[in-house]
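The same chain A turns up in both complexes below, where it pairs with chain B and then with chain C.
Up next is the complex of A and B:
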């Protein structure tokens, strides 16, 4: 008996010891449980975050707005998507935003947000983001945090090396990942080589209202243009694109486009081409693409089909385009804050390649060329090389900068972020990510002046990091403190869709411009009812237009009769509130789209096609006041043959 | 001790009886009737507001500390006020009849000019802290006075317009 007790005691002690060991080793694995990580990400109730992070939703087609360092989600902005929460893409006003030359496309693959810049620094006016699948560039206005413009990109396919802005937001640039026949035509796929082309689009941005316009498309050889970044500082005026598939393969790409020892970074002197175009250069090519603009005063979007685009061949502008050999299918193409270093991360290379802008200019001036590709000069690898980071990890993808002379590169295969020093190319630190990191983001990391406090790593796989939710588990981002020599993992936080890439900015630059409401007197919506006298119901054949108002806590009118089965009923609803954060919703039983969520001073419209005779209720969907439950009304629907005239009322 | 308990019980008992009795009386007074017959609305000839609180000393809480009306009504300001009232207020306030909120007729017989201005400009704080504003919120079934973000000048024009209304 005693022996048994002894044995038990021993077992318990052993178990205790070993469990201690376990927890210690697991905390070593985690790396973040040391120190005061929790304190560093804790934003107390009522306090505000220091940074905005705009994280793309990948295949959800959206852009989500987070706070850093807390990782709290504030808003999901529909961009290339319909959003039943906000009615964006469902209401009549925003449907035109999703129009394309292929028709209404309410989905896309949103990849690379980039914040507008002035003098190479983030100005916080707009976020641009690319739709990868049906090539489009969208602009999100940071006074309303809404998508206000989408321009389709013709001659492009897999719009991936996009949507990065130049130092003064002169251009937002969109490059094609897949080369295609330009213009499109019916031809054999195996005639790809030499016949397919890659269009790089330079979309000008109006400095006042931000309106986008395709200034020109540079028609490049049929490579895959993977990523890009603008020059800055000394290299302002240039744009750099990584390429792969310089083999010009069209099948079994994972083998056939990985044959060449080196692909290229294409260096484009856009200022030179701009000058050429301004002097009448280039050729107008017939094409067809949609340009969709949301007007904040009419609260309505319009879609215009454009029929022409200006194209330029590199051969027309000598000295504007050069190719920099870069090892093994480079993916990320990142330019340091000074504009001197262009980092090309060869996906299939063991090393990181860094080119020197100064050496590139020297080589161009001394005309030292290694050859040419379709008439475009190729420089010597050794002539432009600034340095190599030797074997820092496996599967390098993207690099960002802290403004303190350090660079941070993600490694997809070895799941880590590696910090290294510009100029000496030595590795300073490495930290694991969980798992398979793609992009990383330092707020302002793509500008002359990064805010080098945090880096956000965006992971492709999370597996065991969160409670499981069936086969599909959450996607995630991770926050690291980069103020010390060593990076410190502070926080994991879940994201919406694939957190493909992100842009971050100090909150005070943006928050002060955030709109609180829309002024009623500036509402120029053609169907707005701006006060009770404007409310009415109008029949136009089978169309019925209801001019309705809403305010805490009633609709006007709230009783409507004379609607018939087979009518197409437009509810044009204006929120008369003029106070911050008092939106109202409206929904109608049997309406085939979503509810509406209407901001103060705004007018929105949904369509209802009643199919059944009866008296049908509508109500406010957004809890607005103590009398929210009373905020409702009825529409009487009579048979199609009914002679009942339209009538409407409130409080009678 | 025993007696004391008995005494307490007695008191409690009589209380219960008493409260029962008063409830019965109330019920006799006002029986709830829900039927399908249409309610006949009796139009009251007199007061438009059924408002009984008169409090001219209370200036309310908000940016307006002092406002003395000049003897003459400024017609051009009142006209502007009428337009502002129509655009921002008529969803809830009607001239000459109680609607979601009270009618503005005769308001300055019941309230000070400062109180009215503060109620327009600062309704959230008024409802929380001003006893009259609070009582009104309850009286009007919890319908909040919406802050329509009028400027001080717009609010001033609205109260000038109110001066032109029949009491």
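Up next is the complex of A and C:
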């Protein structure tokens, strides 16, 4: 009977999805027509935006770079998915970046970008982002806006409560959404309960070069670890994870994982565990995961398989892990700028639950526990509760902060952003989103000092908001001005893939470090030709290596003979330009790969396996100069039995 | 020591600053170069205003058949020697010789500098007119003659999509001041001699 009622409640909530205009969200539908919204988002030609927004592509696997307040798209940074435009995962140099313990994986689901911090403020050095499907964390270098490192996360699945950084980027943290057997083994799914585990990974970040290394994995009970955020200020040293499926169900999860009245927020004292492992604690577990690093000097990535990971069980470190009861499958886990309030966005709850860090510490110190789960102390809900925002909307997902004592929460089911006050828990304002908002982002929102000027809401559904493009229509972002008491909708703009989450930062922090080109004299690519004298064609059995250069507006060499059917021809092409914004591209007819798009001073390689006799052209694919159309060359392909020696030339 | 001698000695030393500061600068502006391309001409070197500017000027100019700006020209050997010799000469004159020699040094320096400027003009003319017959793009003037791309000797000039600026730099100002001080020293020396007699 109880099950039936619960099912009914679920159905009622889902029904809310289809009636997108409930009474609460109909108060102000004027949107961008009000006031001087157009003026506020207008960035005149030649002028620059005030903020960078790094908006993840969700199922596109990439990270897009937008300007705010204009909503203009600048770049799509390839991260987890092959990108033929930039040869990411196609050229020989970047293929190792997509290597995993499962082999080459050309796609992932990129979710939560987070910008590196120093002293709790954004320093704009790197963006970290998680690959959800085949668990990975990537690091994007904000001097080149390119992915320079990807580390696979073993013992994990559905790498969702990731990739959030601590106050000094000591760690980037990755939690598993799906618990799995640790280590993996052949066992009955029925035996989930008590046997499956949830690994929370603390990946250290080198303060100098940013290199990532899994410091330890905390092996937690088999719940679903949904989202997380670090403590900051007074709560620095702690990390908070929302959980659902504390029922430990393994089938028909939408029902079976939604039974408990309260799930948990897991509070992890990572400083304590760090101390424990620094003193030799933890167990080295055999495993297998890829660690891929791109070297900016050789312009080449290497993939290393790591065979071991340090694991820690919560029971080994008493006082390091506590469970805070939180209503109804909480989704977002957000910590306010002071570090005092931990917001549990109970997605199936009508209310919003806020815990107090101070009260949590008091309860721990007075050892007031309500019980335990797998040896982990459970605190009393009332003992840690700071307050409740009563009935703010339906389906709370995520909360961000403006640094002025206000919080902004998205409500997926009622399609709105609600502004409320920390401490008094009163609702101040609400504005509709179009439609079904997931995350929202205030630039600097995950730090001690948010830049509380705009909030970006990221919507899953747009239906009638843009010109239709067949059954598949764009998802979108919406920009609101939050400088006044009331939020003001300024702008809608379409996004790539699913705009899952975003991180924003004041542009001046990042723009000044952006590189203009790669220095040719620092190019250590083993196949680089740094001037025309270095160009050559070398045969090694059936492999032919072409050391080629490109500069406005020719390739050198541009006539090559002596290649035979059945050869494997490597084009190693170096862009000799040393001028800002003069890339060249190259592509070869019939090559089973993408073009190359090569920045000044860079070397990239593609492989061509000619299958037909003839004379085959290649050309520059980026409109580089007035003589771009002339930037082309020919390769003569002779029969496999031909005795013709290799020869090459330019201008003869 | 007399005031005129001090001025003469100071004047003779100033041209040595050419070893520190550039003589001349040519800057090229174009819409697609929001940061202009520029070259500083030193007494013994051409240098980039921003990294790789000369390489990029060469790349631009090869479309119309202009020669590459050479790494070194014979003047880079002659000019430094000339400046050192004339500075020592001026120094010796300032210390040992009477004021009439100051005028002599002034005239020598004006002559040498004019020759240097004329040499610069000849190089510029050759650079702008001695074009590769296989030039990718050939432009003609309204009268049908082949268009030249000579940068101005002094001033600003529009050449196709570029605006070229050519102006002296700090080194030239020091040289000029030094030469002028020679003349001033001459007049002061003349006055000093009169006062004594």
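Keep this in mind: the second predicted complex is superposed on the first by the 623 of 652 C-alpha atoms of A that agree within 3 Å, B and C clash if a C-alpha of one lies under 4 Å from a C-alpha of the other, contacts with A are read in each partner's own complex, and residues count from 1 in each chain.
Keep this in mind: a residue touches a chain if its C-beta (ideal position, glycine included) is under 8 Å from a C-beta of that chain, and two chains touch if they have at least 3 such contacts.
Everything numeric in this text was worked out from a predicted model, so none of it was measured.
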- request: Could you tell me whether chain B and chain C fit or clash when both sit on chain A in the superposition?
  value: clash
Partner chain in contact with A:521 - chain B first, chain C second, else both or neither: first
Task: For A:539, decide between first (touching chain B), second (touching chain C), both and neither.
output: neither
Query: Taking the superposition as given, does A:530 touch the first partner, chain B, the second, chain C, both, or neither?
result: first
Message: In the overlaid three-chain picture, which partner chain does A:651 touch, first (chain B) or second (chain C), both, or neither?
response: first
Message: Contacts for A:549 in the overlay, against chain B (first) and chain C (second): which applies, first, second, both or neither?
response: first
- request: Return the chain, chain B or chain C, that is in touch with more residues of chain A.
  value: B
Field: Contacts of A:627 with chain B and chain C, given as first, second, both or neither
entry: both
Statement: Clashing segment of chain C (vs chain B; choices 3-11, 93-101 or 147-155) is 147-155
- request: Kindly list the residues of chain A that each of chain B and chain C touches, one partner per complex.
  value: 551-552, 577-579, 626-627
Field: Interface residues, chain A side, partner chain B - complex
entry: 517, 520-521, 530-533, 549, 551-554, 556, 576-579, 582, 625-627, 651
Query: Can you list the residues on chain B that touch chain A in the complex?
result: 86-88, 90-92, 99-100, 141-144, 146-150
Field: Complex interface listing, chain C residues touching chain A
entry: 35, 51-52, 55-56, 59, 63, 136-137
Message: Can you tell me which positions in chain A touch chain C when the two form their complex?
response: 551-552, 577-580, 626-627
